[in-house]
Amino acid sequence: MGMVGGGKDAFIGAIHRIAAQMDGEIELVAGAFSSDPDKTLTCGQSLYLDEGRCYPSYQAMFIAEAQRPAGERMDMVAIVTPNHLHFPVAKLALEHGFHVISDKPATLNLTQALVLEKVINDTGLLYALTHTYNGYPMVKEAKKRIAKGLIGKVKKIVVEYPQGWLATKNDELSKQAAWRLDPEQSGISCCMADIGVHAANLAEYVSGGKITEICADLSINVDGRVLDDDGVVLLKFDSGARGVLMASQVSIGEENNLTIRLYGELASIQWSHHTPNDLIIRYPNRSTEIVRTGVGEMDALTLANIRTPAGHAEGYLEAFANIYLQFSKQIRARLDGEQC
Amino acid sequence: MGMVGGGKDAFIGAIHRIAAQMDGEIELVAGAFSSDPDKTLTCGQSLYLDEGRCYPSYQAMFIAEAQRPAGERMDMVAIVTPNHLHFPVAKLALEHGFHVISDKPATLNLTQALVLEKVINDTGLLYALTHTYNGYPMVKEAKKRIAKGLIGKVKKIVVEYPQGWLATKNDELSKQAAWRLDPEQSGISCCMADIGVHAANLAEYVSGGKITEICADLSINVDGRVLDDDGVVLLKFDSGARGVLMASQVSIGEENNLTIRLYGELASIQWSHHTPNDLIIRYPNRSTEIVRTGVGEMDALTLANIRTPAGHAEGYLEAFANIYLQFSKQIRARLDGEQC
Amino acid sequence: MGMVGGGKDAFIGAIHRIAAQMDGEIELVAGAFSSDPDKTLTCGQSLYLDEGRCYPSYQAMFIAEAQRPAGERMDMVAIVTPNHLHFPVAKLALEHGFHVISDKPATLNLTQALVLEKVINDTGLLYALTHTYNGYPMVKEAKKRIAKGLIGKVKKIVVEYPQGWLATKNDELSKQAAWRLDPEQSGISCCMADIGVHAANLAEYVSGGKITEICADLSINVDGRVLDDDGVVLLKFDSGARGVLMASQVSIGEENNLTIRLYGELASIQWSHHTPNDLIIRYPNRSTEIVRTGVGEMDALTLANIRTPAGHAEGYLEAFANIYLQFSKQIRARLDGEQC
Amino acid sequence: MGMVGGGKDAFIGAIHRIAAQMDGEIELVAGAFSSDPDKTLTCGQSLYLDEGRCYPSYQAMFIAEAQRPAGERMDMVAIVTPNHLHFPVAKLALEHGFHVISDKPATLNLTQALVLEKVINDTGLLYALTHTYNGYPMVKEAKKRIAKGLIGKVKKIVVEYPQGWLATKNDELSKQAAWRLDPEQSGISCCMADIGVHAANLAEYVSGGKITEICADLSINVDGRVLDDDGVVLLKFDSGARGVLMASQVSIGEENNLTIRLYGELASIQWSHHTPNDLIIRYPNRSTEIVRTGVGEMDALTLANIRTPAGHAEGYLEAFANIYLQFSKQIRARLDGEQC
C-alpha cells in the first residue's frame, strides 16, 4: 500500500496506518505524506519505509510505482488528505492502475462524483470510502437484523452526530480546524461534509433505505465563519420511513457521540458510538435486550468483523481495520484470480 | 381539595391524589370523579370521602361547596379529565371562587386560552398547570444553573419525548388511547397536545427562553388515525437559540424517555427522565460532571423540592407532589393573609 | 397511627410520615415525637395534629390512646427512634394492644429479640420491620423469578451497601452520626447494624435462603471510633449458596449504592438501588435483558407494589410506602374481620 | 519477534500478534506455534512467514535464531502457551539471549519464580508479563492520580473479575477450558491463576501498594473439577489499606467484567473493563466526575498510551498493544545503545 497525505501532524494518517497493518494483511511500502518532500522523507523513515519509495509528490509516486514489476509495486493507495484532494488523487491513482481507499467525502461536488464513478467503471478497479462507523460489528449486526425483518418495517430513524470541538473561536487554531473551515480545502460545507455524511451514511447503511427528500436547517454559530458548524435535517427515505439527522461541531462537551435509533413496527434498535459493543433492542411489553458483541447468535457478517472473544471490547481502530481488512480480502481475491 | 374526573380507571386521577396528599398539606374532601354519579360515589367511598361531598357533577360540586362556610369548604379544585373539559371546568371553578390546578393542556385552542386568562385575572385566583417534569429537583437545578450563566449563552436545545404505547393498531383499545385519538375529546392534536407540550414547556422552563418560530413535520403512522402520533419540530427561541423538539407515541419500546440537552457557550447540560436524579454537565477539555440530587451545593429552589437525603432517589410521584406542594404553599399564604 | 420519635431534625421520621400517608390508607393521629414535650407539641402542630394527642412520652401515649373508644384510637404505632429504644417501645406498644411498625434493627441483641418474639406471639398483634429496599417492585420481581426457578439454583450472592457519609472525622458532627457511633444508642455495631442488616436482609429476601455461616472482617477506619464503620463478610446459606456481603460508611463519595447480584445455574440477576426500576438478567450466550418496572409480564406481587404506568419511575418513598400499604392492608383485614 | 504457541485455535496467539504489529514497531519473523511441526508450518504460511523460520520446536527456534547474524535474528520471544510451559520456554529463551514477553502467570510456583528471577538478573535481558489491563490509558491515569495523592491515602480496595464461561459442565468442552481445568497444564489453580492474578495485579498496580496478608475462600462449583472456579479473598496491603478480591469463572452471564474501586481519604476512583475509557471519581459533597480518555489534562504516561483523539474509543487490543509498544521501545533503546 502507498499513502497520500497523513504526515506527522495529520491525526487521520496514523489511524489509517494502524488500521491497515493491524491484521498483517497490508504492508505500507510507499508514501507521499506531505507536499514537502523533506517531511515525507522524515515521516517515511520513522515508518521504516525504503527511502526510495518516499516520493516528493503523489504524481511521482503513481508513475514510479506503476513502473515497478508486478508483485513488487504497491497494489493500492490510501488517500488521507484534506477534502479537496480526495478526488484528483483518487482519479490519478485509478488511472495508474491502483485500487483506492479514500477518506470521506469522496468528492467536493456531484460533478466530480460522476467523473469518479466513470473512472472506477472504466478501470474496473476497486474503490472504498472509509465510513468507519460501518466497520463496527454491532452496526453490521443491526443492519442484518433489520434486513431479516426482526424489527419489522422501519418507520422512523433518528441519527445524530454531536461534537463540540469547534464550539468557540479559540477552537479554530488547530490545523485540523483550519482546513475544515476553509471552503478552498473543505468544499461547500464544514459540519455536514465532515460528520453529517457519516450520520447519513450510517442511516442508509443500517436501514437499507435511501434518503430521497430533505428539509435542512444549517447554521453558523461562531462569528466570522463561512461554513456550517451545525445542522438539523428532516429526512424521508425511499422506504417510506421518516427521519431526523442532527450533526454538530458546536455541541460543547460532546465527543463523537454518534447515535442511531431505528423504530420499526415490531421493535426498535439503538446503537451508540460511546458504547459500541452494545445493541439495545426495545420491544413493546417485553424486556429491553442488550445484545453484546460476540454474545449469542450473530450474523456471519458480524462474526467476520470480530477479532476477540466476547467481553474484550474492540473499538474505533478495529472498526477502521475492518474496512481495510475487507478491502484487502477483495484485492487478495483478485490477485489470486490473476495467478490462475 | 375537590377533584373533577379521575375515577377508578383513569390513571392520572390516582396520581394526582397521591401527589396531593403525600406531604400532608392537602386533603381531598370532595369529588365529581365521573359523569356517572354511581361511579363517583363508589370511588369516593373507597377514598374515605364523606358521601355528601361525592357530587353527581362538577357543576353541582361547585355550587354546593361554594355555599359551605369558609374553612369548611374546599379551597381548590384539581381537574384530571380528558382535554376537552379542562377549559370549561376550570372556568366554572374559578367563577365559583376556587383555585384551580389542572392537567395539561390548559385549553383546546387559543381562543379558550385567552378567555381563561381573563377569568384568572378577573377573579385573582390561582391557576396551575401540572407540567410534572418541571417538578423534578434536577430540572429546577438545571434551570437555575442556566439562569446564573453557568453554561453561558444557550445556543442549541434538543428536547425529545419518545413513547411507543400507540405504535400499533392494537394499542388503540384502551380508554386512555381512545380519548386521546378522538378529536372531540383531545382537540386538534394527539401527540403534540399530550406530550409535545411537555417537551416544549420543559425547553422553555429550563432555558428561560420562549419559542418564537417553528417548522414542524407532524405525521400519522397508523392507518385510520386522524390525529398526529409523531412529530419533529425545528425551533427558534427569542434568545437566539435554535432547537429541535421530537415527540412520538409510535417510537416502539420507548417509555416516557423525555430528555433535554442544552448547549451553551461554556458547557452543556443534560437531563433525562430515565435517570431523573442525574444532571450531566459536559465541558470542553474537562471531565464530565454528574450532579446528583442533593449532593453538593444546590440552589435553594432545588432544595425546596427534595424530601430525602442524597442517595434516596425520588421519582415521578415526588415531582408531581412538588407541584401540589408549591401550589398549597401559595394558597396557605393567602389563607394566612386573610386571617390577619 | 401514632408515632414515637421522628421530630423535626430526624430525617427518618418525615420519611415514615410520607410513606404512611401517600396512599390515603393511614392517618397520623397521635405522636410522641421527642423526649421534650414542647418539641413534640410544635412538631404535632405543624402536622395538623390534635394538640391533645401530642403526648409528652410514649408511655403516656400508649396509656391514653388505649383508653379511647374503639374506632377513635390509633390502631398502630410507628417507631422511628434511635436503635436502643426500638425494643422497649415496641414491647410496650404491643402490651397496650397496638400493632407496631418499627425501624430496623428490631432489637440491640438476641436476648431482646427473643423477648420481643414472645410478646408478639402472646398478643397476636402485627409487627413489621421497615426493611425498605424489599419494598421496591423490582426487588419483589427478582425474588419471585428466583422462587420460580428462572435462574436455576442460586450458587453465589454478592451484596454490597457502600456509603461514604462517615468517611472522615468531620462527618461525625451531625445528630445522625452522633447516635449511630455511640454504643449506648446504637448497640454493638454502627455500620453493620445500620446498613449491613439491610444488605443481609435483602440477600435473604431475594434468594429465599438463610445465612448460616459467616466469616467477617469488620474495621474501624477513623481514629477515635469504637464501633465498626466498614465490613466484609463471607457468607454461606442454608441452600448451599456462597456469598459476600460488603457494607461501608467510609466508601467516600458513595450514596446508598445498595446492589445485589445473584448467580444461578441458568442465569444471573442484578438489582441496584441507583437504578431501582431495572432488573438486569444475564444469560450465557444470549442477550442481556433489562426488565423495567411494569414493562411486560410481572408477578402479581410486583404489580401490587406499583402505582404508576411503566415509564414513570417510582423511587425510595414509594418503596417505603409499599411497606406501610401492605401493613395497613393486614390491619384493615383484621378490622374488617372484627366488625363481623 | 518469534512466537512460541499461539497456533490457529489458541485465541490468545492471534491477540498477541495483532497487539505486536499494530504500531509497526515489531515484526513477527519466526515461530514455533505448535508441538506439531505441520501445524506450525501452516500457521506460519498464513502469516506470510519465511518457511525456514517456522520451527518444529521452541528449542530448535532458539538455537537456530541465535546463530543468525545480529540484525537478522529475532530480538524477542512472545510466549503464548498454556501455563506449564511459560517458565521453561522463558528460561531457555533468556539463556539463548532473547528478551521475553510472556503471558501470565509467569511460573507455576514460587520455586520456578525464583529461578526465573535469577536467570533474568544473570542475563540482564528484558522480561515482560502481559497483564493486559494495565495497558489501558485510564488505568494508568488512575495509578498516576493516586500516586499524586489526588484521592488521599487509599483506605479500601474492591477488585473483582467475574466471568461465566465455565459455569456449567458443558462449558468444559473447549480446548481453552480443557487445559485450564487440568492441573498438569494449569498448575495449582484455575480461576485464581487465570484471572485472579489479573485482579491482584491491577489492585497493586493502580494503588501502588503490595498485598501482604490474605484470607481466601476458594471454591469448586461444578462436580468433577479439581481446581477452583471461584474465589473471594480478603486483602491487607503494606500501605495499611484493606481490600476484597473476587474472581469467578462461574458467574453466569458475566463477560470479563473486571472492575476496581479504590476509596481514599479525599475521594474514590473506579475503573471498569466494560467502560474502559471512563474513570469515575466520586467526592464527598461534590459532583461525580467522569474522566474520559484524552479529555482534559492527562498524565504524560497516559498520553503515551493513547493513539486516537478523544471520542474515539480504544479497547482491549490497544491496551494489549501498549504493553508491546512500551516493551519494543525498551528494546529499541538497547539496540540504539548497542549501536553506539
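Lettered A, B, C and D in written order, each chain numbered from 1.
Here is the rule we go by: a contact is a pair of C-beta atoms (placed from the backbone, for glycine too) under 8 Å apart; a residue touches a chain by one contact, two chains touch by 3 or more.
As the structure is a prediction and not an experimental result, all values here were calculated from the model.
Any chain touching subunit A that also touches subunit D appears here: B, C. Shared residue numbers account for over half of those found at the interface formed by subunit A and subunit B, and the copies are therefore classed as meeting with the same residues.
Chain centres here are Cα means. That of subunit A falls 44 Å from that of subunit B. With centres defined as mean CA coordinates, subunit D is found 55 Å away from subunit B. Within subunit C, residues 281, 288, 292, 295 each touch two or more of the remaining chains. The residues of subunit C lying in touch with subunit B in their complex are 11, 14-15, 17-18, 21-24, 28, 47-48, 163, 255-257, 273-276, 292, 295, 307-318.
Every residue of subunit A that touches subunit C in the complex is listed here, in rising order: 281, 285-292, 295-296. Contact residues of subunit A toward subunit B in the complex are 155-156, 158, 164-165, 167-168, 171, 215, 217, 219, 221, 230, 232, 234, 242, 244, 246, 248, 250-254, 261, 263-268, 281-284, 288.
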